[in-house]
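What follows is a pair of complexes built around chain A, which joins chain B in one and chain C in the other.
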Partner chain A sequence: MVARFLANSALADTAAAWARDFRLLAPVREGQAVVYRAWAKDMHPFLGRPPTCSAKEALLPQTENLLTYTYRKDQADLTRTEVFVAEPLPPEPTLLLGARPCDARGRKLLDRVFLERGVEDPLYAAKRRNTLFVTGACERMENTCFCHWTGGGPTSEEGSDVLLFAVGADGGGYVAKALTPEGERLLDKLPEASRAAQEELAAKLASPPSQAVPGPAPDLSAAPERFLKLFGNMDFWMDESARCLSCGVCTYLCPACSCFNITDENSGMKGKRLRTWDTCMSALYTLEGSGHNPRVSRAHRLRNRVGHKFCYHPQEFPKDAGAQPEFSCTGCGRCIKSCPVSVDIRRVVLDLMEKGDAS
Partner chain B sequence: MAADADDRVLQLRAAVKAELANVDFVLGYAKGFDPLHATPVTVRTEADADRLIFDATCVQNLATSLYGLNGKRIGLVVKGCDSRSLIQLMQEKLLERSQLVIFGLPCDGVLDLAKIRVKADIAAIHGAEISGDEVRLLLPEGTKTLPRRDVLADKCLRCRYPNPLVADHLIGQERTPQGAEDTYADLDGFEKLSPQERFDFWKRQMSRCIRCYACRNACPLCVCKHVCLADSRDPHWLSAEATLQEKWLFQVMHALHLAGRCTECGECQRSCPMGIPILLLKRKMNRELKEVFNYEAGVDPEAVPPLHTFLMEEDKIKDRGQLW
Partner chain C sequence: MSLNPYLPSLATIIETFDETPDVKTFRVVLKDEAAMRAFRFEPGQVAQLSVFGTGESTFVICSPPTRMDFLQFSVMRVGELTHRLHTLKEGDPIGLRGPLGNHFDYESMKGKDIVFIGGGLGLAPLRTLLLFMLDNRADYGNITLIYGGRTPEHLCFKGELAEWAARGDMRVELTVDNPDKSWSHRVGVVPAVLTDLAVSPENAVAVTCGPPIMIRFTIQALEKLGFTDEQIVTTLERRMKCGVGLCGRCNIGGKFVCVDGPVFTQAQLKELPQEF
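What follows is the complex of A and B.
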């Protein structure tokens, strides 16, 4: 495929052109946060920092309408009530601009849950089919990044339709590499990347971003077994979770967390059935109607978050023997960066590796 | 930072070690994942105590962690502002003084990472030095020096209680307060906007909210936790939808339930991953409380919070006077 060039000066116009064919979500700066917003005139997409939120909202929105319903009394027989159910409209074709490779890999992990468990989630599948990711490759690793621990990398192509590489040549912009036929169609109006730009990119790819800041990746292939060894050691989990506030920052910002809740929101004789994000950090998560909660403490709940990502998921979707397990974590580090009390999932996993070996 | 900084950490560690036998555990601060982040730590052993630090990165209010620890005897490291939360909790009989061993550290102010992020890209920082009036950031592209006052939390710039108001062990020299009487200049500025402009401001800000409830869970005075009205299905005040209306209703609830109780520790705003300036709502409540009841939360252990009691005739409330 031909490498294309997207000049900085052409970014807004190109985005506007995409917005004619797609519901375009682009990252913009708002205060200290970088958030995805639906395209509007005069918007300035900001690709300079990873967005505060992950890209999962394009595929698994925080609130999703599953159906709407209306009750109607039968006027001839008032003991009878009929219910009329309407499905939501099919999702619009969507293009998400400015995700990072870790977000795009999150898309693969969400597919596992919603498409590959033997039951296909129709709403997710419909969104997945018509959502494209134009991803920005990372030029460096941050203190909180650990994509290299979980099989990704700053220029990983997995899950993206187009990957943009920032270059300084030709006045500054991006060398755009299409990774899927749909991605290629997005780029067909853009000029071919100049030789200078391509050479700059080749030089950059030859010396990938330094891992000096986050440090080298440990071998986590034994993480699932170590986790199971420590499963019943509540002292371990209590110490790891003691500072946790039980808020939803880590799970809501996670590109791979997929737990949801379903509620009916009634309003008189009508209402809607919603699917909304849920968080295993909440005290209400798995609270049963009887009042019993199998995950009664923060320790149980942190154990669930770590276990799901580093044990249950790799066990459910095993890789070939000897290969690195697939974790339900892309190493984006948002859970670390935004945690009010600096809980560091890397630290928890390293403690697992260490103490699960000893016990 | 004052000259006693290093000394003070050693004193703190020694004091904590000496009390370990008398408490179930001590809550303090340790180094976090990078030089600008501290993280709360549970100290049970002398080795744990040697991890304790105390500096301008110790932003969290550890009084929040006391929730659910009734019946335990706990050591707690507090700054001046944090001690106000303890006093307020004790005033409300939610906390027993005898349950606590308080290690109070006079404070020179803590960093506001949101302010630093505006001035420097700290995502790959590998070192930080805070001394005197300067904060030096060691970044991949070189060293960047910022005036300390520019990157201190707003609450520290107007702080009148740098010295813990309640403590069993007071560690380090007492500090001179930085601020005089709070003038609420920020609030005054905001209230010069028209109601429509203010409403538009909040609509824009709240649209970013992801309903993670970090603001609620980080609040030391938000003691309902998971039996919060925001989560209740019966009564059903808020729907599960992430709409502006629900987000806003929760913030109004939070501010009203904190009226006369909030000590402005600022944890709600600091914890917000989306950078929504929700402390402003609580400051509005506090200014009203100050005007009407001349009351400031968490300062006097003997005082009764004004909304916990009533007078037959309030000084500044004309309550149905004409009817009687």
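What follows is the complex of A and C.
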């Protein structure tokens, strides 16, 4: 496939052109955060650092309609009311610009839940089929990044339709590499990358972004067993969760977390049934009508979050013996970066590996 | 209709009556008569009932598939949705999604003695299986029901309890924690009655459902009587939203109560991380 060149100066126009064919979600700066917004005129896409939120919004919106309902009087019997239910409209073709490789890999983990677990989720499936990811490869790893622990990397191609590599050549821009036929069509108006740009990229890839800051990846292949060994050790989980506030930001920003709530929003005689992100870090998540709660403390809830990512998921989707397990974590580090009390899931997992071995 | 698993079928309440001060029974039929005729489920399966505008919640279908004039649900008034449900009357529309979940393995129970052990509204899922077995009576050995509640008033399905006791082809043992003057049956908690009766594990299966504390002591009592983990069957409750294994909250370790359950043997539960 021909490598294309997307000049910094052409970024806004190219995005505008994509926005004619797609619902374009592009990262923009808002205060301290970088967030995805639907394309609007005069928008300035910002690819300079990883978006604060994960890209899952494109496939699993924070809030979406599952159905709408309307109550109407039964005209044949005015003592009665009838209810009518309608399904939501199919989603528009969407292009998400500026995800990172960790986000793109998150698509595979969402697929596991919504397409492969059992019942196919029709809302997710429809979005998955018509959403493209134009991903920005990472030039460096931040000190919260650990994608290399979970089978990814700063230039991982998995889950992307186009991967953009920043270069300084030709006035600055991106060497754009199409990874799927759909991705190739997105790039067909762009010029071929110059020899200088391609050589610069080749040199960068030959000495990949330093992993010195996060350090080498530990062997986590025994994580599922270590977790189960420590499952009943509540002292361990009390220590690990001591600072946790149960705010749930870790799960909301996670590219792999997929738990959701279903609630009705009523307005007069009609309303919507909504699906919204939910968080296993909340006590309400499992609180039963009787008052019984199987996960009554923060320790129980942090245990569930870590357990799902590093034990239950790899057990549900096993790899060949000897291969690195597939974790429900892409190592994006958002849960570490945005946690108000700096709970570090890497620390929890390393403690599991150490104490689960000893006990 | 589409294959959208979140889309309820429209249904109509045809009858309601009170079981206890806080439990009401609803009999419902699907609005589409052909869909009602085609509706198939197995004893132990659950469904989501919707009151559009309030939400939906999971309830066991407590009538058996051998009696398809209606689908029956018995609902305790505890939260927002169940309060709203309790205000509904005959003729009111509701939504129904189901059947969901696994079911009692009644095939493997054929030829065996069956001991039902229920507490409070925990009798609801047992009722489905019990009626199914009574409708296929020759397939099963001795049937015993041990059923308890806080007070006589808190026992569900009271009319049927007397009918079952009078049948002659099954044994009914009733108990309450706090009797009133009219109470002529046992007094005490269900596990104590179980121990007192010294129910034999020989060629038997125990099927139990009730409050978590009752289940815990019932399982201990069954183990003391010699029941193995494979001979103890229970049906669990968890907060649920989607009912199809996607929304996440009803997991016990890597299993989801809504699709891998609600029915589990004690042997299966022992395989799971102990989070109950």
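One rule holds in what follows: the second predicted complex is superposed on the first by the 356 of 359 C-alpha atoms of A that agree within 3 Å, B and C clash if a C-alpha of one lies under 4 Å from a C-alpha of the other, contacts with A are read in each partner's own complex, and residues count from 1 in each chain.
Note that in this section a contact is a pair of C-beta atoms (placed from the backbone, for glycine too) under 8 Å apart; a residue touches a chain by one contact, two chains touch by 3 or more.
Note that the structure is a prediction, hence the values are computed from the model and not measured.
Asker: Aligned on chain A, chain B and chain C: do they clash or fit?
Answerer: Once both complexes are aligned on chain A, chain B and chain C fit side by side.
Asker: Return first, second, both or neither, reflecting whether A:G248 touches chain B, chain C, both chains, or no partner chain.
Answerer: first
Asker: Does the superposition put A:N261 against chain B (first), chain C (second), both, or neither?
Answerer: After superposing on A, A:N261 lies in contact with both chain B and chain C.
Asker: Looking at A:T81, would you say it contacts chain B, chain C, both, or neither? Reply first, second, both or neither.
Answerer: In the superposition, A:T81 touches chain C alone.
Asker: Using the superposition on chain A described above, determine whether A:C280 touches chain B (first), chain C (second), both, or neither.
Answerer: second
Asker: Output check: A:E30 vs chain B and chain C. Expected answer is one of first, second, both, neither. What do you get?
Answerer: first
Asker: Which partner does A:E142 contact after superposing on A: first (chain B), second (chain C), both, neither?
Answerer: The first partner, chain B, only.
Asker: Check the residue A:F231 against both partner chains and state whether it touches chain B (first), chain C (second), both, or neither.
Answerer: Second partner only.
Asker: Looking at A:G307, would you say it contacts chain B, chain C, both, or neither? Reply first, second, both or neither.
Answerer: second
Asker: To the nearest 10 degrees, what angle do the lines from the C-alpha centre of chain A to those of chain B and chain C enclose?
Answerer: Nearest-10 rounding gives 90 degrees.
Asker: Just chain B (first), just chain C (second), both, or neither: which does A:I336 touch?
Answerer: first
Asker: With the two complexes overlaid on chain A, what is the closest approach of chain B to chain C, counting only CA atoms, in Å?
Answerer: Superposed model gives a least chain B-chain C C-alpha distance of 6 Å.
Asker: Can you give me the overlap between the chain B contact set and the chain C contact set on chain A?
Answerer: After superposing on chain A, chain A residues 261, 263 contact both chain B and chain C.
Asker: Mind pulling up the chain B residues that touch chain A in the complex?
Answerer: The contact residues of chain B facing chain A are 27, 32-34, 37-42, 60, 64-65, 114, 117-118, 121, 123-126, 140, 204-205, 208, 210-214, 216-218, 225-226, 231, 233, 239-243, 267, 270-271, 273-277.
Asker: Quick one: which bits of chain C touch chain A in the complex? Just the residue numbers, please.
Answerer: On the chain C side, the touching residues are 2-8, 10, 52-57, 76, 78-79, 82, 91-93, 95, 211-212, 237-239, 241-242, 244-249, 251-254, 259, 273-276.
Asker: In their complex, what parts of chain A are in touch with chain C?
Answerer: 66-67, 69, 71, 80-83, 85, 87, 113-114, 117-123, 228, 231-232, 258-264, 266, 271, 273, 275, 278, 280, 285-290, 292, 294-295, 300, 304, 307-308, 311-313, 315-316
Asker: Going by the contact rule at the top, pick out the chain A residues touching chain B in the complex.
Answerer: For chain A paired with chain B, touching residues are 30-33, 35, 49, 52-53, 62-63, 140-144, 213, 239, 242-243, 245-249, 252-253, 261, 263, 265, 274, 276, 279, 282-284, 336, 338, 340-344, 346-347.
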